[in-house]
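Should a chain be cited, it is by its letter among A, B, C, D, E and F, assigned in written order, with residues numbered from 1 in that chain.
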Amino acid sequence: MATVPLLSDEELSPRAAAVFAAIRKARGTDFVNNFWRALAHDEAALEATWAQLSAVMAPGALDPLVKEMIYVAVSTANGCSYCVHSHTAAAKAKGMSEAMHAELIRVIGAAMMTNGMVTALQVPVDEVFDV
Amino acid sequence: MATVPLLSDEELSPRAAAVFAAIRKARGTDFVNNFWRALAHDEAALEATWAQLSAVMAPGALDPLVKEMIYVAVSTANGCSYCVHSHTAAAKAKGMSEAMHAELIRVIGAAMMTNGMVTALQVPVDEVFDV
Amino acid sequence: MATVPLLSDEELSPRAAAVFAAIRKARGTDFVNNFWRALAHDEAALEATWAQLSAVMAPGALDPLVKEMIYVAVSTANGCSYCVHSHTAAAKAKGMSEAMHAELIRVIGAAMMTNGMVTALQVPVDEVFDV
Amino acid sequence: MATVPLLSDEELSPRAAAVFAAIRKARGTDFVNNFWRALAHDEAALEATWAQLSAVMAPGALDPLVKEMIYVAVSTANGCSYCVHSHTAAAKAKGMSEAMHAELIRVIGAAMMTNGMVTALQVPVDEVFDV
Amino acid sequence: MATVPLLSDEELSPRAAAVFAAIRKARGTDFVNNFWRALAHDEAALEATWAQLSAVMAPGALDPLVKEMIYVAVSTANGCSYCVHSHTAAAKAKGMSEAMHAELIRVIGAAMMTNGMVTALQVPVDEVFDV
Amino acid sequence: MATVPLLSDEELSPRAAAVFAAIRKARGTDFVNNFWRALAHDEAALEATWAQLSAVMAPGALDPLVKEMIYVAVSTANGCSYCVHSHTAAAKAKGMSEAMHAELIRVIGAAMMTNGMVTALQVPVDEVFDV
């Protein structure tokens, strides 16, 4: 259950429908996942969020698959189940193999572990790390 | 200030000194950062942690630079300042350019943003994400 | 599923029943949500938590609706689904409109985003912020 | 210390300088805080972030002071020291009194407390919360 | 739904089956919980994780029940539902009474509360805490 | 730097001074740490927080040292540096040995690690964990 209604295609305003059309075109599929349906009642947020994600996740100095794995890492640390699911699926769609997925999970686990140890130890930052 | 004393090279037990030697050899530098000095009073944890990180961060299906960026992403979401500093430095040492760093930060920001929106909206997981 | 049994009205001790009566009177409804039923097996915690929440969430320098939205914001950042649901419902009951809800979600998203960027950048606190 | 250099006014590109000019005009002060100086090396992110924050934090269904307090709440739960400092300062500048600040802190504390209790208890969401 | 398939006993590789046998022997039960079934597709991670948990959670300077309660505390703060469930069950199996469980929850709640207040107040660390 | 002024003994109101006297008596030392000095401007919160912590951290089904270690665990996962410092100091004052501290840190690290792996894997809760 969500805290807002999820909008079906029929319930979209013209402005929201235009964003859905852009999502479908960019992804090459008719499927639009629930995040966008939950956001569709706030047209300005829908437009701005889609524009931002399209720009940020596009190929650049980092390739899109690496970006999706970074997204999964952040979502995991924040405990966002939906985000872990949707971005793991996106990473798989962009070529993440089982071996890559397994390594991603081990890096996340190792990072979480030392994050905890470092914070419990309150390790001071080495001067050499200063830029 | 740390919650335990940071050990200098002179204060290391032979077992801890052996781990420090391995760290120096693997990294090709005499510098050993404070995390290991804080952990050095617990030889078993020092050995196990170094062994785990060496294995997890080694080249595999993912390259070491990608792993460092994933590490930074997790550390950021967990708010571990020391970890952000040390793994950003490690990523730079492994070839992260300014442009890559800038994109890493933008992906982290976008992920944090939608993590928050998704959780506030309590978006239900789409059935299609089921493996 | 909870890690403790949820108590029905019939299972309450007299001391827990008194707290439930106070909750019902304060809220003007017979409905008592699951948080209190899960807490009801620890009478001291039940009493103390109800007393604290009643005091903290009462009208004061901030109005109760603003307090509920702050509560939703904290609960979102902590990833507590139940809390997001219950306090979003409470905020709606206290007058949060759809437009207010939409803005709340956008502020949460923006804050999460810059929290991540600031932490990844390790921005030093400006001296001017010192009180 | 930051993970990127903080840019002084003299080091800004024309595009970044234009954003700084917009920040100064909107805030009515010559002071530009470190977040923007850390972000200034990535012009696209600087522009997009300022545009987003300007839109999200503007008066709307919620007033700007309420938005700043929500921002502080999220930043606190995420443990972002810089963000707590900068948005507490912004909230004070927009009229947050000592009494309002004190209540904000108590609501944050209460929310964190019940977030923890609810998660430890794994309280199931009441059906009545379904929209 | 998980992001990887959960392996049944019949689907285990010989190397994964050996770890499952070790888990069953150590715990004195045929039941193997889903975490291990989700991890079983990555034999190296399965072996390493079981070895680490066996070592860390063994009796030592702290008794195993105390360790389980610490585990629940961390898992709660991180919002990991599965971990709260599995380690609460483990703590009960190791002797955690209802009264101990109730106190655990109250300590977690109090810690979360003051964590939030301290972070919102940005309290500087007292010099006396320096080791 | 804090977001509120820290009050010296001379600046306390009579009501705040009474709480400080109670803290000194309970702890058997004249030292009062900064958390209470930051909270002292909000007398009601000062009284309520001291009363709650005194009750929650008192000996009960769990002994006070165990409670302090649980407090450190939660504070670590939440990334609250001040809280890690103050409650590690409190745990040491109540008898936490170096060996116990080392094990505490390893349990925290292991819990953080599996929290991350479980969340990335989205492991479903086993039916047997249902109470």
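We adopt the following convention: contacts are C-beta pairs under 8 Å (C-beta built on N, C-alpha and C of every residue); 3 or more make two chains touch, one makes a residue touch a chain.
Source: prediction; values computed, not measured.
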item	value
Chains touching both chain B and chain E	A, C, D, F
Whole-Å gap separating chain A and chain D, where each centre is the average of the chain's CA atoms	21
Chain A and chain F, separation of their C-alpha mean positions in angstrom	34
Chain B and chain F: spacing of chain centres that average the CA atoms, whole Å	26
Chain B residues counted as touching two or more neighbouring chains	1-4, 45, 49, 52, 74, 76-81, 84-85, 88, 102, 104-106, 108-117, 119-122, 125, 129
Chain contact topology (line, ring, star, complete or other)	complete
Chain F contact footprint on chain C (complex, rising order)	1-5, 44, 48, 52, 55, 125, 129-131
Parts of chain E lying in touch with chain A, wherever the complex brings them together	1, 3-4, 41-42, 45, 49, 74, 78-80
List of chain A residues in touch with chain E within their complex	79, 84-85, 88, 98, 101-102, 105-106, 109, 116
In the complex, chain D residues that touch chain C	1-4, 6, 31, 33-35, 38-39, 45, 49, 52-53, 56-57, 60-62, 66-67, 69-71, 73-78, 80-83, 85-89, 97, 99-100, 102-104, 106-115, 117-126, 128-129
Touching residues on chain E, where the partner in the complex is chain D	72, 76-77, 79, 81, 84-85, 88, 104-106, 108-117, 119-122
